[in-house]
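Shared between the two complexes below is subunit A, which has subunit B as its partner in the first and subunit C in the second.
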Partner chain A sequence: MLSFKLALRNLLGAGLRTWLNVVVLSFSFIIIIWTKGILEGWDRQAKADMIKWEIGGGQFWHVNYDPYDPLTLDESHDRIPAGLISSVQPPVPVLITQGTIYPGGRMLSVLVKGIPPEQKILALPTAKMVSADGEIAAIIGKAMAENAKLDTGDYVTLRWRDRNGTFDARELKITGIFDTNVPTVDVGQIWIPLAELQDMMLLPDEATLIVTPENAGPGEATEEWVFRDHEFLLADIESIIRAKGSVGIIVWLILLMMAMLAVFDTQVLSIFRRQKEIGTCVALGMTRGQVVKLFTMEGALHSVLAAIVGAIYGIPLLFLQSVRGIKIPLESSDFGLAMAEKLYPVYSAALVAGTILIVMIVTTIVSYWPSRKIAKLNPTEALRGRIQ
Partner chain B sequence: MNNEPVIRIKDLKKHFPSGSGRFTALNGIDLLFSKGEFTGIIGPSGSGKTTLLNIIGTLDTPSEGEALILGRSAGSLSAKESAALRKSQLGFIFQTYNLFPVYTVFENVEFPLLLQGVESSQRRKMVLDALEWVGLTDKIRSRPAQLSGGESQRVAIARAMVKRPAIVLADEPTANLDAKNSHNILQTMEKLNRELRTTFIFATHDEKVIGYVRRKIFLFDGKVAGDEIINKN
Partner chain C sequence: MKKLLLVFIITGFTPLLFGQYPDGKDILRKIDDNMISENRYYESSMIIHGRRTSLTFKLKTWTAGDTKSFTEYLFPVREKGTKMLKLDDQLWIYSPSADRIIQIAGHMLRQSVMGSDLSYEDLMEDSKLSEQYNAKVSGEEVVDGRKCWIVDLTAFVPEIAYHRKKLWVDQERNIPLQEELFAKSGTLLKRTRLSEIRRINERWYPGKILFKDMLKDGQGTELVIDEIRFNIEVPDHIFSKASLKK
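So, the complex of A and B:
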């Protein structure tokens, strides 16, 4: 208690020198919390968008289906089993095949996905897949539209191979362009009515995967259909976020090191400049151990003051950002995972408390390190202010 | 005067390493200090005055011989014990005042009482009393940088006296002061010595200090060259 009282008195008495360190340290607090909050927000938002646009409550995959191996597509389809899940909302079967489109004389490889226009599980605007007789309506994502230079009302030729390997081609009419943060339903993909694709592929009533509604609970696997839950389907996004998180940790470490350098520098300078003061403390009855404790406490208190100062300007700032979001100027596809135009950082109590605790512990260690030198000082030399 | 001894020094030697050999700062000192003495240890630079004061103040230990401070052997005290002795019984006054620059006058004087764990209201009373002894009650909120040399030294005296120590050790207390301030400081200390019966030991070669002391111990090359009691009655 005495050390705390004296340390606080010393720090407040030092005025500007203390506050400069405190402000630098508080920046570190805020930036560390901010970067971690962004990653957390990004993580949550990306997962929520994936669920909303692509995953639903989980998917049954045909046993041969492997999204990373296009060669499996020819073999990964089967009749849609009846009663695969028990839910008020019917599941959404999706048939997938490879194809080529020729927009403006160019050739683009695409994944053609057939989905029932009346489906309600995914956020895809499948209701827009309506067209006049004989035309095949298609919807595409904004990124795909920009890449293929297609617009609503445009026609584009699609070439595909049916189940027998025979090439065929039809005109598609773009009846809708949707804006999504999820590149895996947008980039290089074209969505058409399921019945049309089944007809084109000569695969009546067949699908590659079946999207279940969110409240359906875990599905029961059959020999031909394997249930993929959220954990499985979101594994890629989690590993990408983890990879990006490691970059965040490097930034976090750099910031922490910069802040600790400021504390360490102050401590070294304090011990160097305050030799007489140290000697006087010993002469007045403090043990050298108590002086070490006092100096360590002074260093550690920087982080306490920084937490208070950081809270004063940081809480409103971070709260505002978490409500209003941060505009992300980058194209979502550049990141290879769902990234909204606006990110809403998530600052959990654990994140804030954890960061403060870690910074406080590290500050205390960094403060103690140079302070140990005091224990070796000769008080009679220190009293004269002689550098030792 | 009461002849109760507070310091007994017997065949005290202090060596410091110097190059490949050693330098003897104190060489067989025998002294006895009684309660309430107002003594000057006088000698040229390098005669061992400060070393003797440091050993009496338990900031340093004897190489040989014995120094009994209030019945405790300076050479055999642990760091904690010597700190406890300094905290409760010894006061220090330094040539360069050694005030804490970020503290106010009040806080500087309060410091030894904080170490002793004196209760807040009692502490305030004791600090104000000490500042009254040295005539600085109007400066309690000033910081050392705002004080003159004389005022700073008076704060240092108040800080040394606030805990009512048995012994006050003053190392060249007037070296940085002009004549007027020096006399002022010495008169203050003399008054405190008489009123509180605190033992004052000065290390000095200042003629002004020498004029005030009631006992002069002359040190030369680490040995006592003379010990003279002045009758001021």
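So, the complex of A and C:
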């Protein structure tokens, strides 16, 4: 307790030098917590949005379906099987094919997706797919609408090939445009009623994938249908966030290194300038180990003070951001993955406690490193203040 | 005046009254006899007219029936040496810059060639019309100063790209001068104009073909036949994967 009091008094006595170190170290605390909080918030938000807009409770994929290879779409469809899952809410079959639209005389390749208009599992506004006089109603996402320069009420020609490879073309009426954070249901896609697409493709009662409701439990795979759970369907977003996380780690490692350099520098300087004090302490009966402990504690206390200072300005700042969110200046479609216009960082207790612990341990190690030199000092020489 | 009217009525209704329009299927057979050969070799220029600029590709192609085709790009420099081999519904492309052969599934045949109005199917296939379509002559019209039969074609085989076609067939030369390709719904998808018709041995063959995707803007894609030879001796190794890297 004595050495703690002594260390604290020495530290505060150093004045500006201590506070400079403390402020730099507190920046490090806040940046670590902030970047980790953003990634955690993005992770939660992206997963929730993907479940809401695209994945539901998991999907059954036709065994040949590969979302990264549109050329396989011709062979990845089959009759919708009965009783894949036991759930009150019926699953949502989706049929996918390639097509071409011609907005304003331009040619755009699209994925045409058929979905039942009455479905309730996904947040897609499929109820808007209503039209009169035999028109085919279609809904598209905001990014697709901007790219194709289409608006609600516009007509656009769709050309596709049926199961025999025969060309066909029809006019589609855009009956709704939805705003989503999930580009995989938006960019380059057109949603039309499932029955229409089955009819157009000569594939009655067939689908490419089947979206199950949440809490329906794991589905049982068959020879033709493979169940893809959340872990599989969210693997991409998780790996991207992990990759982004490693970039964040590099940033905070640089910050931490700068702070540690300052602490290390201060320690070296203290030992050099306070040799008489070290000699006096030893002459008064302190063992060399006790003196090392005192100097190490002085260094380590930087991180305690930094945690307090960081809390003073960091808690209100981080709280405000978690409530108001951070506006992302880029369109989510530019990234090709689910990202909301505003990100709400999430700061867990484990994140805050873990960060404080890591910084304290690192600061203690950095403080101890130069203090070991004290053990080699000759007390009489040190008392005279001679440089050794 | 009455005589004139009489002549007009007689000439106008004679084909209807006496069934003078020839049999559509016969016309298709004549077109096939004229256009289709056991094999052929041709050098051509494909000019893709874009919104602002035009791109020219020079190609040399060997075909045998409707199952084998081999094409080599001669121009521009960046595409020179690129080769494509089609055997049945499989397509292999060799790119000299990557020095690799890529095998592409049958679906790729439906994709556009270098952003043109032609698919690989259009460019590399040479199927007999009479084996795919029923035909009916619906009238006659003058195209490029030549009297043509208007022939409506409806596919009788299920696996075909265009369910319906309309041809304007030169009555004397048995070659279509214009072709319209329709979707099943009746929407006009593509129009092809064949011009600079010339006699090559016993055949009439176009020197220039203009393909136009009717759903998009632009002036279409021209295929200019610089040189063509029919029923020549094509060594077997041409239609093998080994020839892609040669």
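List of remarks:
Keep this in mind: the second predicted complex is superposed on the first by the 388 of 388 C-alpha atoms of A that agree within 3 Å, B and C clash if a C-alpha of one lies under 4 Å from a C-alpha of the other, contacts with A are read in each partner's own complex, and residues count from 1 in each chain.
Rule of thumb we're sticking to: contacts are C-beta pairs under 8 Å (C-beta built on N, C-alpha and C of every residue); 3 or more make two chains touch, one makes a residue touch a chain.
Only a predicted model underlies this, so the values are computations on that prediction, with no experimental measurement involved.
The wider contact with subunit A, measured as residues touched, comes from B rather than the other of subunit B and subunit C.
When the two structures are aligned on the shared chain, A:107 is found in touch with subunit C, with no touch to subunit B.
Of the two partner chains, neither subunit B nor subunit C is touched by A:131. Within the superposed three-chain model, A:64 lies out of touch with both subunit B and subunit C [touch as defined at top].
In the overlay built on the shared chain, the residue A:283 is in contact with subunit B alone; subunit C does not reach it. Of the two partner chains placed by superposition, A:322 touches none, neither subunit B nor subunit C. Contact with neither subunit B nor subunit C is seen for A:147 once the two complexes are overlaid on the shared chain.
In the superposition on chain A, A:10 makes contact with subunit B only, while subunit C stays out of contact range.
Shared contact residues on subunit A (touching subunit B in one structure, subunit C in the other): none found.
Against subunit A, the residues of subunit B that register as touching in their complex are 50, 54, 57, 59-60, 79-80, 83-84, 86-88, 92, 94, 96, 98, 100-103, 107, 111-112, 114-117, 159.
Only residues 71, 74, 100, 102, 105-107, 157, 159, 161-162, 164-170 of subunit A touch subunit C when the two sit together in their complex. Subunit A meets subunit B in the complex at residues 2, 5-6, 9-10, 13-15, 276-277, 279-280, 282-290, 379-380, 383, 385.
Chain contact summary for the complex, subunit C toward subunit A: residues 105, 107-108, 110, 155, 158-163, 181, 183-185, 187, 189, 213, 215-218.
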